[in-house]
Amino acid sequence: MDFGLIADNLLNPPILFFLLGCLAAFSRSDLTIPQQLSKSLALYLLLSIGMHGGYELSKSGITADIALALGAAMLMAIVVPIYSFWILRIRFDLYNAAALAAAYGSISAVTFITGVSFLNQLDVAFGGHMVAAMALMESPAIIIGVLLVRMGAGKDSDEPLDWSELLREAFLNGSVFLLVGSLVIGFITGEPGWKAMEPLTGDLFKGVLAFFLLDMGLVAARHMGDLKKAGLFLVGFAIGMALLNAAIGIGLARLLGFGAGDALLFTLLTASASYIAVPAAMRLSVPEANPSFYIAASLAVTFPFNIIVGIPLYYQVIDFFWR
Amino acid sequence: MRAVKRIEIVIDSLQIDRMVELLDDAGVSGYTVLPNARGRGRRGVRSGDEITGALENIYVMTICESDNLDTVLAAIRPLLDRFGGMCVVSDAELMEA
Amino acid sequence: MDFGLIADNLLNPPILFFLLGCLAAFSRSDLTIPQQLSKSLALYLLLSIGMHGGYELSKSGITADIALALGAAMLMAIVVPIYSFWILRIRFDLYNAAALAAAYGSISAVTFITGVSFLNQLDVAFGGHMVAAMALMESPAIIIGVLLVRMGAGKDSDEPLDWSELLREAFLNGSVFLLVGSLVIGFITGEPGWKAMEPLTGDLFKGVLAFFLLDMGLVAARHMGDLKKAGLFLVGFAIGMALLNAAIGIGLARLLGFGAGDALLFTLLTASASYIAVPAAMRLSVPEANPSFYIAASLAVTFPFNIIVGIPLYYQVIDFFWR
Amino acid sequence: MRAVKRIEIVIDSLQIDRMVELLDDAGVSGYTVLPNARGRGRRGVRSGDEITGALENIYVMTICESDNLDTVLAAIRPLLDRFGGMCVVSDAELMEA
Amino acid sequence: MRAVKRIEIVIDSLQIDRMVELLDDAGVSGYTVLPNARGRGRRGVRSGDEITGALENIYVMTICESDNLDTVLAAIRPLLDRFGGMCVVSDAELMEA
Amino acid sequence: MDFGLIADNLLNPPILFFLLGCLAAFSRSDLTIPQQLSKSLALYLLLSIGMHGGYELSKSGITADIALALGAAMLMAIVVPIYSFWILRIRFDLYNAAALAAAYGSISAVTFITGVSFLNQLDVAFGGHMVAAMALMESPAIIIGVLLVRMGAGKDSDEPLDWSELLREAFLNGSVFLLVGSLVIGFITGEPGWKAMEPLTGDLFKGVLAFFLLDMGLVAARHMGDLKKAGLFLVGFAIGMALLNAAIGIGLARLLGFGAGDALLFTLLTASASYIAVPAAMRLSVPEANPSFYIAASLAVTFPFNIIVGIPLYYQVIDFFWR
């Protein structure tokens, strides 16, 4: 295996700022990022990637290939949480297994965005519809996670399921909403819309990503402490699951004839886990689960693994098979 | 001045809308909410300055009539039982307009 | 009438993001914009429009035409709240009528800025002095509103009027101060000053406006609920007043021989209502008025009406008469 | 420990400077202010996360001597009467340095 | 409901980690922290909205058992003596889960 | 003396925005900058200047000259607080003298950055290693300040010195950490790293500096009130110290053969005083000192003096001697 790509990836400002953030937390520096800045940068990244995806879609149009890719995304979003749950039940109780399964069935937008920046650097093309795929894959796992709890708890659970709230939580949570909205706006306004927004949503993109990853590093490192309590199984699961899902993602992408860029992004969507939308939904719907498990696993293990090792690794495998 | 009860609640910030609804239904004359609370309790440390916002508390204070105290407490208890949090009551005197 | 311009305006990213914000609030999505981000973007927009206006003024110099335009702005800022008050007294008590009159006598900077971005898109020129006109029109209505209350309340009011505080509130409130200050700085530093600031205050302008309008949409939609309590008269007033003031603005602009661009901006200043500076002043000086009336009218009706329908409509009328 | 009075005030955030001035004049030995309060009272829902900031409350707490309580309350009452808000008093014990 | 003590502390925001450690060591069952407090006391006006952040307070509230009160107060007193701040205690009743 | 350069410097947007901020505070305008925006802009400036310094260093490499400059920086960081303390003891007690000495021994990053923007305007070159010098000079004075207190207090002080905490406070405080981290990242990633980040960290730099100085003006002016209590000696010290340290800085720079650009920046480092890192450290380690003294002196006197008068003045002197 060629470690050059991993090393190259490491030497990118975004990844280095992520590591700097981790280092700040480990060395107990008092560096902090104001909370509202974090949220603002996260909104910026979603809005920008959405606009850009919509703009690209407006150029390519919606083809049969794209519909196929979106179908595959949907399929993975439904299948992944189910088999993850089954694996997790080996060690975890119903509630924690379901919440973790939901997190891994869903996606991490920042992992995707870091992948986009990686592809841009290598000048590898990808389709705007992958942003739509990301939006599609964020929500289904939330519903499945809740259903798994209901089915598992059986007759014990006396409360009726509040479907309207659950659906709103899943499909109208802030990040899905902003992503889909920006995608639609980018699609509608096309070239002139993108040109007007580009100095903000295009030119600054990589710099803002680096700044945001500094913050992610700080927070991820702070959650690494929780891993001790959770045990080695969780760390193993968090890495193993990324690798397993990546492998399935690559296989499916090959089967369906995706381009290399689309294949990497699809792989990152399946291999990544949610640490914002799903945790929020689980706190509302499955309060019995312990948030420090699912946040530590997705944010403190799977996320760093994917952006540091995963992206170049998956791409190398793709590059090998796609030749 | 009128003797009243002062109820303080700390709860997961996501539950604030439900909590306020319960207080309204229980007939309190008002409430005050302070954001960005963090803390520790039986569910462990909950600290809010996070990307995820996943461990943020919120602080609610409501002044209610002594007669109404039991109603209010009964109304909010299920939420606290299900989602964790804390509730304390103390005596106070309200300055009337 | 040609609806093409209205449709074109609708398909602009800023307007679409405004609608997206409204939709988020209506569908009860949990999308929120951090409060300090809102305030930061608002400061950015004021600073940028001020710098740009000052820079333009430094190129054009201050001419007799400009003095005339500023005089007209001042006139409207004094006359509008008086006749608005007279109309409002049909339905509202003294306090609410005065507060609403003050709001409509003052201006909305974001409406003006959206108009600027509309003109830029059509490549229609306008003068930097219109920013000075905006600054001039923000404050007088506040004084007039308070005087109307004093005169109406007559002998009942025992408290002496604290003029120094009232004047400070009117002329030194944050938005007027920043706008005028940036205007002066832009004027003084001219070309080199603008070139140094342009990547921030020029290139990013439209993108930031879109981001900010997303937030405006969220907040405006949340205030639409208050309209139910306020009744249909308020909605009618909020739209009717915009149309009436726009008509007067267009007439005056024609009479004084403004260019088409200046005419549109002047019209937007007269037709728009304040939802930041005036409400803050009214809370201090006329606490008897109900804030949800004046905020709902200006923010939830007049503002969306102006940026969605008003701008293209007024421009069409101007275009027709100016040919 | 010394027995003292604990006064809590919730008021329109724009009034904070005046309120603090009144407290200073009434001779309190200190006060603490918490920002970004929202709530509901007789004037309806007041929620702060707005572009306008127009409906934001602020929370003020001051510990004062029992003897001084009436002076303090008399000093702040006109402001509360004119601009709305809430004020409650409770008993507390101050840890002395 | 169980009778408990409600301890409120206002202290320089930089001391929050030490304060929480002292509370933990003194065996409190939990605490709640509210940020961005400003105020006035013997050390003068401390206002937080600054570039320096140098004069920012933080507010901590902890509910503890009446038996444990003296232990807790003894634990935190040195910190307050050295760095300033305020501590008041009042009675409250805890709603039990 | 030629006042042209001082006047030119005054007519720069950043300086004018600083004055606008002061004016807002003096006239009691309610203009405020959200606190988290302040902190965000400060982080941006540190990250950007760090990246840029690292990038420049990656081009120049690390030479003997650079090592010499860093040594000189280190020396000044140790010597300045010692003689400052000795002067301050004339009027102040042990604690306040030590805290003030620490502030003046350390540096103000924004003064440095304003100097960088001044040099850019005059097209005068300077080395990336000056950013490293800044990072080196931030911390030592903190240690020295604490040691001065310990030595002065003698046997009275019963508490053992917590060295690990003191060192962490000095060398791992947020601003030092971010500055050094960004410097290293800029150095490692070189040209491609800088190119990726430049739209954010380069193009926007001057605009953001202006925005940030608006806020600095507001805060500095608010602290000017504290000067009345502190007395004229403090004001004299704050200006005299800047001039004395500048003179020593210029002399040393000449002796060591610095280029004019490096000499100005070195002078600004010695002449400026810390109002963020040192105050935070002093609150923890020397709580007996009164923060309003050291903050008022460094932020409300030395800082404005340096950016308004000092930068052009020092540069004129350098220009004169370097010819």
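Labels A, B, C, D, E and F are assigned to the chains in the order they are written; within every chain, residues are numbered from 1.
One rule holds in what follows: a residue touches a chain if its C-beta (ideal position, glycine included) is under 8 Å from a C-beta of that chain, and two chains touch if they have at least 3 such contacts.
To keep track of the chains, here are their UniProt names: A, C, F = Sodium-dependent bicarbonate transport family permease; B, D, E = Transcriptional regulator.
No experiment lies behind these values; they were computed from the predicted model shown.
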Copies subunit B and subunit E - rotation angle from C-alpha fit, nearest 5 degrees: 120
Pair with more cross-chain C-beta pairs in contact, given C-D and C-F: C-F
Residue-number overlap at the subunit D/subunit E interface, same or different (half cut): different
Chain separated most widely from subunit C, comparing mean CA positions: E
Whole-Å gap between the CA centroids of subunit A and subunit C: 41
Subunit A and subunit B: spacing of chain centres that average the CA atoms, whole Å: 34
Distance between the centres, which are taken as Cα means, of subunit D and subunit A, whole angstrom: 46
Residues of subunit F engaged with two or more neighbouring chains: 32, 34-36, 39, 199, 203-204, 280
Where subunit B touches two or more other chains, by residue: 34, 36, 90-91
Listing of all chain pairs that touch each other, if any do: A-B, A-C, A-F, B-D, B-E, C-D, C-F, D-E, E-F
Residues of subunit A that touch subunit C when the two form their complex: 34-36, 39-40, 43-44, 47, 51, 168-169, 172-174, 177-178, 181-182, 185, 188-189, 193, 196-201, 203-204, 280
Complex interface listing, subunit F residues touching subunit E: 32, 35, 38-39, 42, 215-216, 219, 222, 275-276, 279-280, 283-284, 287, 291-292, 295, 299
Of subunit D, residues touching subunit C in the complex: 12, 14, 36, 44, 48-55, 82-84
Residues of subunit E defined as touching subunit D within the complex: 8, 10, 34, 36-42, 57, 59, 73, 77, 80-81, 86-91
Subunit F residues touching subunit C - in the complex, by the definition given at the top: 11-13, 16-17, 20, 23-24, 27-37, 121, 199, 203-204, 206-208, 210-211, 214
